[in-house]
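Think of it as A, B and C in the order they're written, each chain with its own count starting at 1.
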């Protein structure tokens, strides 16, 4: 960074550029905000009317174009499938990120893994679904676990890469201090690096979970469909909220479309509340740590 | 995130001061190391499996089409023709549009959060970006057709007539014919979808720029923008690139949302307001009914997408390494 | 006091503990819904309890749901899941024995038969329905179209509503000069297959795009995802025309064109006209048949067939028994009378009796 080049030309031009930049930053936020409000507003407008306790807990109706029934099985299915996917992807992804940043560095294996993780983020969700269909569904039938596997494959590279980047940001000084006190590498990671990087890791994980919860294509090849709640992870087909939305949101039959949009609103609310809670709890511990 | 980052020595930890390393610690250290390596290798294993199984299933299409699979723009299952070039083009174009819009906006939001917004605004802004991330991809697609796709043709007409006289841009910003479901609409929807992840990583990275670097720039009389450009961007570079790569990956692979708004018409045209198609979208749209060579060809598109992602990855890394001057970060290197 | 450790634990706990708890609960529980045979429940049912899974054609799904509803009400121990997803999915699933029955609008090609790991197949026709040519032109209440005109419209040789060819089909009707917006399917579909098969059959000199589940439409057309998607697109644009299944088109409030059939008569899509087409169709020994462009004055030209496919040799006693009973119900007068409630036409008696006779070929252990 060359200091000398900062003092050039009249300060008016620099002030203008600065003001423009600031305006751009504020504008960016607004540019994102407008479609967000429009989309959420649209979902609320189309879906809020059907929400009720019975809507959230009743079984799916067998005839979906007739009014009645609820989305209970789909909520349970989404929770189980996304929960299982998270349980697989987050620990593995975090470990992968730790490996890349703490042990791998610039070594060959690490570069390859890093590169492959990037490639994996580009695999379309439909291809992931197809892949799990071939190696799992054909062998073990339709089940929630197949869906969880497919979603976990989608989440894994994101968590690895975001974890790695956030771990990289933990300053050298902190690590050095820990080593100086005789801490071993694993201990340093566990007690110093990970806690410092936790908020960033959490962010990455939450975004991956939010994305997985909203994916349709991987589920099309792995879970089939049911109208009654199936709490089993490994046995029998299942159903999930994104599937419901995809099947019925465009239907000219009001009952089916309303149910689909109610499901969309429910999904957004569930994932958002979960994200909020996670952030609040993490921030709470963070405050206590600094106290 | 500017806190006192020095670890405080914890009182009851006597053996940490000893000279000789704890022997059992060595084992757990090694175990942890292999565990971490395992996490990384899972990626390798899964990708290898995907590559192998997809190539195997796609093979009949490769052999029957030959090189025309990648050079022909005619995708016509009714006549047994499977040329993927138009789909490769569509994938590139929609992803490029997505990046062009999403990257500046994401960096802008991230900088807004870390530099511009007053303290009490930061947390809500983060939550708002989180909210964008919770919207299911199918909802993006449905809103895309029902609302955005209906509203934009008029807007596209205005833009097209405004830019018509300008040489390159005029052609890009036109349609053949102008359609609500188009490359541009798909690109815009994709941009919305990738903003949360790119913003999040950018935010994390910007927030960790050491205050000394920022203070130094201010001390030299820099405006905020000059400080950002001079002190923050170089420091944040690797993270910004990583975020962009993840966003790009998502854009390349997004299936359902694009399938609903891109127009389902495989062709190569520079006119971005026209309907088009992408690899992921066409797989999603046609797979349910495909048999035989058609099915193999669709899986072949998946293989192609792999190859393309690899090529883009190599290209991006080359660009980054060309212009890299390593600012020291905190990483263990 | 928890400091750095606490923070680490908090973050990871929040994310994974909930997930693990759910997973543990799910692994621990077992679903009673997928067990094969168990004791009979309910006094009124003499069938074993079982869960049947099916997938395939979305075209027949409304009828399937009505039949499942009625059947499972009579037999409380039975659960039947029909997932739709397209004829291709149904065929793939049945090949891999992932489902007990598959719905399909087109029968497998002989070359594909070895892929069915369950062995020989039986095809059961059970209902049929028309494919409408729906349109949205303000002021135009009645429209007649011949096959050649439809072909030219969908190939974009005819671009406005007051084209001479359309005028010729509609003598005396004043047509606006609105430009035509053609809407087709973005996803592969049996409906596209049957519609294009009709055009190839009835307008062979004009239709050049071929007949398949996916067709290379001209670029100045619109696409909709699924029958509802096409219906919405047609509804939203003045001057639009598209091919949509009867049920969704009716529910969308769209108007249908009367199509000129093989006998030269303009016939509107209706369940009666569909039955008329079915009556005249030749039924092959394996119960395949082709009602498209059927002869007869009252026949509707674009009638779509559909079948339920099952493996001839069932492997599970309870499932096989229930499957056979379900198909028997579908082909009974109760089951056939349900068809109209779902906007489907029931089978004519000659076809019905053949289908019922085929039920005996199902082998249940």
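As a convention for this text, a residue touches a chain if its C-beta (ideal position, glycine included) is under 8 Å from a C-beta of that chain, and two chains touch if they have at least 3 such contacts.
Owing to the predicted nature of the structure, the values given are computational and were not obtained by experimental measurement.
If every step must land on a chain the current one touches, say how few steps get you from chain A to chain B.
1
Would you mind telling me which chain pair, B-C or A-C, is linked by more contacting C-beta pairs?
Between the two chain pairs, A-C has more contacting C-beta pairs.
How many angstrom between the C-alpha centroids of chain B and chain A?
14
Return the distance between the CA-based centres of chain A and chain C, expressed in whole Å.
Centre separation, chain A to chain C: 35 Å.
What parts of chain B, by residue number, touch at least two of the other chains?
7, 146, 284, 287-288
Of all residues in chain A, which are in touch with two or more distinct other chains?
91, 94, 190, 192, 196, 199, 206, 220, 250
Please output the residue numbers of chain C that touch at least 2 other chains, ranges allowed.
Correct list: 4, 85, 225, 229, 232.
Any idea which chain A residues touch chain C in the complex?
62-65, 79-80, 82-87, 90-91, 94, 137-138, 141-142, 144, 190-192, 194-196, 198-199, 201-202, 205-206, 209, 220, 224-228, 230-237, 247, 250-253, 274, 277-278, 281-282, 284-286, 288-289
Could you pull out which chain C residues touch chain B in their complex?
4, 85-89, 91, 109, 111-112, 186-190, 193, 196, 209-217, 219-223, 225, 229, 232, 236
For a test of understanding, state which residues of chain B touch chain C in their complex under the given definition.
Residues 7, 74-79, 145-146, 150, 176-177, 179, 181, 259-260, 263-265, 267, 274-275, 284-292, 294-295.
Mind pulling up the chain B residues that touch chain A in the complex?
1, 3, 5-7, 9, 13, 15-19, 21-22, 25-26, 28-29, 32-33, 35-44, 46-47, 49-50, 53-54, 57, 104-109, 111-112, 115-116, 123, 125-140, 142-143, 146-147, 192, 195-197, 200-201, 204-205, 208, 210, 217, 220-226, 228, 230-231, 234, 238-239, 242-243, 245-246, 248-250, 252-256, 279-280, 283-284, 287-288, 299, 302, 305-306, 309-310, 312-314, 317, 328-333
If you look only at chain C, which of its residues touch chain A in the complex?
Where chain C meets chain A, its residues are 2-12, 14-16, 18-23, 25-27, 29-31, 33-34, 51, 53, 55, 62, 65-66, 68-69, 72, 79, 81-85, 96, 98-99, 225-226, 228-229, 231-232, 248, 251-253.
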